[in-house]
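The structures considered in this document are given below.
The same chain A turns up in both complexes below, where it pairs with chain B and then with chain C.
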Partner chain A sequence: MTSHPPAAAAQSGSSGKFTILYFASAGSYTGKQMETLPAPLPLSKLFATLEARYEGIGAAVLDHSLVTVNLTYVEMPSGNDESEDAAAAVIIQDGDEVAIIPPVSSG
Partner chain B sequence: MASPQDQLHQENDELTSPGCYVALTHAHLDAQAIMDRVRSPAAGAMVLFAGTTRDNFAGKAVKELQYTAYNKLALRTMLEIAQATRAKHGLEGIAMIHRLGVVPIAEESILIAVSSPHRQAAWRAGEEALEDCKARVEVWKLEEFEGEHGVWRANRDGIMGQKVENA
Partner chain C sequence: MQDKKPDINGLASSARNGVAMDNRIRSSRSFTDEEFERYSRQMIVPGMGKEGQLRLINSRLLIVGAGGLGCPAAQYIAGAGVGTIGIVDGDVVELSNLHRQVGHATSRIGMKKVDSLITHLRGLNPLPTYVPHDSHIDPQNAADIISQYDVVVDCTDNPATRYLISDVCVLLCKPLVSAASVQKSGQLIVLNCPPTPQGLLDRKYAPCYRCCFKKPPPAGAMLSCGEAGIMGPVVGMMGVAQAGEAIKIIASALHLPPSDPDSAPERNLQQPTLLLCSYDLESAVGPYTFRALKMASRKKTCFACGENSTLTLDGIKAGNPNYEQFCGLAATHSNLPPEERITAAAYHAARSRGELPEHVLLDTREKEHFSFGKIDGAVNVPFGKLLMTAAAVKRGGASTDQILGSAELQPLPEDAPIFVVCRRGLDSQEAVEKLKELGMGNGGKRKIMDIVGGMKAWKEEVDHSFPFI
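After this line comes the complex of A and B, so read on.
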């Protein structure tokens, strides 16, 4: 995970993949525990990418979930205030490990 | 339910730092072993919490429970909680272990042991560590109800979680 202007990502033509892990209800919804998706991908496009692959996952799972990139929680871009939204600049890179973290229930 | 993540990181199922031990396991939990992790000649009290799997949720019969984890992140979060709890309450030691996979009803799913010079700090630390775990640690519980789909529980609201269509 790196933070830099979206323009830089647009210029990098390198093709790669990141791993996405689906825990709990995310795994039930997708029918998978993990898969790989093309990188780089702006974090701001992650939920739309998943919604396109798994229709309805946004309302059913993602709206209630947190997201980590390389074991660090990231703030999801709000999408309606791009210039001031630092999260909008985060790009998921080749080799990154992203995880969908639904509400936890240990104990 | 052994997920690919579980198998991938089987060898990394514990973390330690001075006075702190955290672990994930698919085996039975051993109360004596976790207490021995925090045993100290400087301690005048040990408190052990054992969370066990209940046979019902709001009156509905639960057949069995399965726990799954994001092992790497769960261990990291558990160690953060252990270190913060130890520092806040001046503990001699704190040890936390969570069981994964199928846990039959009435068996232990989590053990937390703390030791401190005096009992008050141990009582408080044990409770706080458990509440922090339940709020934050990246472990999920699937409850299988008699004659129904499984449900992913969410600690934060205590309401029914999401049904699993293919469970």
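After this line comes the complex of A and C, so read on.
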């Protein structure tokens, strides 16, 4: 599924990479604000890919975070939501910008 | 008190007879000379006009939290002339608030925050009615307070309260402007706007907080401003943006039910956005970024606003759901056996009596905290870095020696104990578990111990002058 517009920010050409942004606690956990990862990657494999790189990030960060692809919220294909089928089909493409956004609570 | 699924038609007709009539009478009112002059610059902005200004004057808005978000939000909301402004906060003004909580003052340290902020707001604009609510919002009082207002602005500082406020706003059909900020990043989202009765799903409606963040992070992972720090301008921007959203909602009548003839139906189905702000302190030339993310609409399966929701106001009052438990606030117990824990006082005593063998003292606080003071000889390995190295060790990409950070420590005798200290005593327990898991206890030859209560306890029990931050 490629209905989302290409990310203006990620001009990685055709290098077969997507950009991933780590906000708030995702940034503290990974120790970085962004990096690039190999594309294409099915959205359904995103969390497993990150867990392999940053052990424990699933329970500590990803499970309660929301995820966007090219500035648009995507349903992660793991819950029981109605959009499960659509979510399972999303492929993160070359040049996409993915963001991991944990809730922030302070103020 | 409230039916599980309010009848939208009943809601609509009562709105039509009451609010709409009310609005027709109110919108024929003319401005006083002071109002006319005070609000002139904002009234001539396209989209505002006389109508928008009168809606502001006739509306009632609640700000929950008079801190880093609430202060800047309240200033602009008061300045814009919202007629009744309620403020909820149970805290008093402290010196460490003032770098960001711009509605308070050094001369008002110790005063209740609601009173301090209202003092400031009256100076800006004496025309609105200010209503102080000087205790924290909780499941018992939330519905009573929120029901008195048209729009709610969430400026609170903890997850349990955020879920509570969102739930009550869903049940009472109030739009909610929610923002949060910690360290160098902030978030803002307008929820439940236009307000839609619980359980309604016949078209796309705005999400609630639970639609966006279904479950809270583990209790230990959620940082507060007191622990993680916060940059004033970052939280300030988010608070100002909240005021902007609240003013927009009221001026364009989005807070009124869709059935109200005065509401703005063409705007009712706009896709909600989450505004994200973050800025890079480590690199002076790094840009700060704003991102507007397109969010999904109300979720069918949402616990609060979804199809089969069992959430009710009576339930909330009776403790169902249990917000504290949901957010894990009650869970501060330790899984470590007593022989793997030592108090700060006992560690200090053993050390000064020369009873401790050669050992490593690992301090897992962030390097910024560490830079203000440490126990003599402590090695700084920030918790996040420790976890990452531990993960690398498990993958075979690092050795256990690397966990202990600096190279000059090596080689360490295999029975040399490791003591772990953190800020308040939670991360250190997890660190001890991690080190044991990696086999660093060398089959029981080496003790790995948690210093109970962290550097906070060190300050209380051992060194009262320690610069704990």
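Methods note: the second predicted complex is superposed on the first by the 83 of 107 C-alpha atoms of A that agree within 3 Å, B and C clash if a C-alpha of one lies under 4 Å from a C-alpha of the other, contacts with A are read in each partner's own complex, and residues count from 1 in each chain.
Heads up, the rule we're going with is that contacts are C-beta pairs under 8 Å (C-beta built on N, C-alpha and C of every residue); 3 or more make two chains touch, one makes a residue touch a chain.
Just so it is clear, the model here is predicted, and its values are computed rather than measured.
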item: A:G107 touches, of chain B and chain C: first, second, both or neither?; value: both
item: First, second, both or neither for A:E75, with chain B first and chain C second; value: second
item: Touching partner for A:I91 - first (chain B), second (chain C), both, neither; value: neither
item: Which of chain B and chain C A:M34 touches, first, second, both or neither; value: first
item: Dominant contact partner of chain A by residue count, chain C or chain B; value: C
item: Which of chain B and chain C A:D63 touches, first, second, both or neither; value: second
item: Contacts of A:I20 with chain B and chain C, given as first, second, both or neither; value: neither
item: First (chain B), second (chain C), both or neither touched by A:Y54; value: second
item: Which superposed partner A:A99 touches (first chain B, second chain C, both, neither); value: both
item: Footprint overlap on chain A, comparing chain B with chain C; value: 23-25, 27-28, 31, 33, 60-61, 64, 68, 71, 99, 101-107
item: Residues of chain A touching chain C in the complex; value: 23-25, 27-31, 33, 54-56, 59-61, 63-64, 66, 68, 71-73, 75, 79-83, 99, 101-107
item: Chain A - residues contacting chain B, complex; value: 21, 23-25, 27-28, 31, 33-34, 60-61, 64, 68, 71, 99, 101-107
item: Sites on chain C touched by chain A in the complex; value: 65, 67-70, 155-159, 162, 179-183, 185-187, 212-218, 221-225, 228, 230, 235, 238-239, 274, 276, 278, 280, 291-296, 299-301, 384-385, 387-388, 390-391, 394-395
item: Residues on chain B engaged by chain A in the complex (per definition of touch); value: 3-5, 51, 67-68, 70, 72-74, 76, 98, 109-110, 130, 133-142, 152-157, 161-162, 164-167
